[in-house]
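Going by the order they are written in, the chains are A, B and C; count residues from 1 in each one.
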Amino acid sequence: MTAPVLLVLTNLPDADSAHALAAHLIEARLAACVNVLAPASSVYRWEGAIETATEVPLLIKTTAGRYDALEAAIRAQHPYELPEIVAVPVTHGLPGYLDWVRTETTPDA
Amino acid sequence: MTAPVLLVLTNLPDADSAHALAAHLIEARLAACVNVLAPASSVYRWEGAIETATEVPLLIKTTAGRYDALEAAIRAQHPYELPEIVAVPVTHGLPGYLDWVRTETTPDA
Amino acid sequence: MTAPVLLVLTNLPDADSAHALAAHLIEARLAACVNVLAPASSVYRWEGAIETATEVPLLIKTTAGRYDALEAAIRAQHPYELPEIVAVPVTHGLPGYLDWVRTETTPDA
């Protein structure tokens, strides 16, 4: 009844793949809501050089109990071999909203 | 003296309502700083269909002690019946900045 | 081997300073990946008045063990006297990605 809620972050290479993944996660009840943020520049090291790439961040609201299935679904659809998938715990929130997240991520009977 | 600091996330339907809420929260000392992010697309399920809506995310810096009053103020001004309000804990930070958050969110005498 | 991973947030006054700081943090192995987000509006109180300023948020992926050095590097390069530097804990994540963060932030031998 009071499953912890998580805020999960991943990054897609463009808006089309970001929206497609967001819709898939909602459709599969692996997330209650996904925010597709404005495009960002990601900076990282690759084969010794500093690289910059445009990416579209997703902020995904789900529960801890659905995290493993969510992670598997992101991996299955994400175009990168090793995508960023990190989650931070929600420790406070509007009770009605948190309940809505739990309800929306309950698998269909 | 060392009240925990929170990062609170909510989403408004447009930039005007986002800026109005941000200014109100600062004015009322319910937050020390609010970042009004670039518009995002929010994807969710509504009455069985997958919906997409433009929303403007707010990142709000406050303390755990002010959370309940902050939540009440967001609910009172937010145009949605059930707005997203979720908070994640700040576990590390620049001490001077964290102190500034605590000072700025102390109610006026 | 399983050092906690952090998501660190700071804000720069413009895209040039944001990209310069991001590249510096990667170069120094103080972060594995930095997302330079689209420009945001920051709202805060300054000398009694409500101010709004454009800022560019950075989302920095690092480990708890590198946090102190990261904070020092941000302070040394950041144009503000008291920059926002706050971090939230990563409690779930793709194991391979978290390992990559740990490897990328290991100081050069």
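Following the convention adopted for this analysis, a contact is a pair of C-beta atoms (placed from the backbone, for glycine too) under 8 Å apart; a residue touches a chain by one contact, two chains touch by 3 or more.
Quantities reported herein were computed from a predicted structural model and do not represent experimental measurements.
Asks: Indicate which of the five shapes (line, ring, star, complete, other) describes how the chains touch one another.
Replies: complete
Asks: Through what angle, between 0 and 180°, must chain B be rotated so its C-alpha atoms fit those of chain C, rounded to a multiple of 5?
Replies: Roughly 120 degrees of rotation.
Asks: Between chain A and chain C, what's the gap in Å when you average each chain's C-alpha atoms?
Replies: 20
Asks: By residue number and range, which residues of chain B touch two or more other chains?
Replies: Where chain B meets two or more other chains at a single residue, that happens at 37-38, 88-89.
Asks: Which of the residues in chain A end up touching chain B in this complex?
Replies: Those in contact with chain B are residues 5, 7, 19, 22-23, 26-27, 32-38, 59, 61, 88-94, 96-98, 100, 104.
Asks: Inside the complex, what are the residues of chain A that reach chain C?
Replies: The contact residues of chain A facing chain C are 6, 8-9, 11, 37-45, 50, 52, 55, 57, 64, 67, 71, 75, 82-89.
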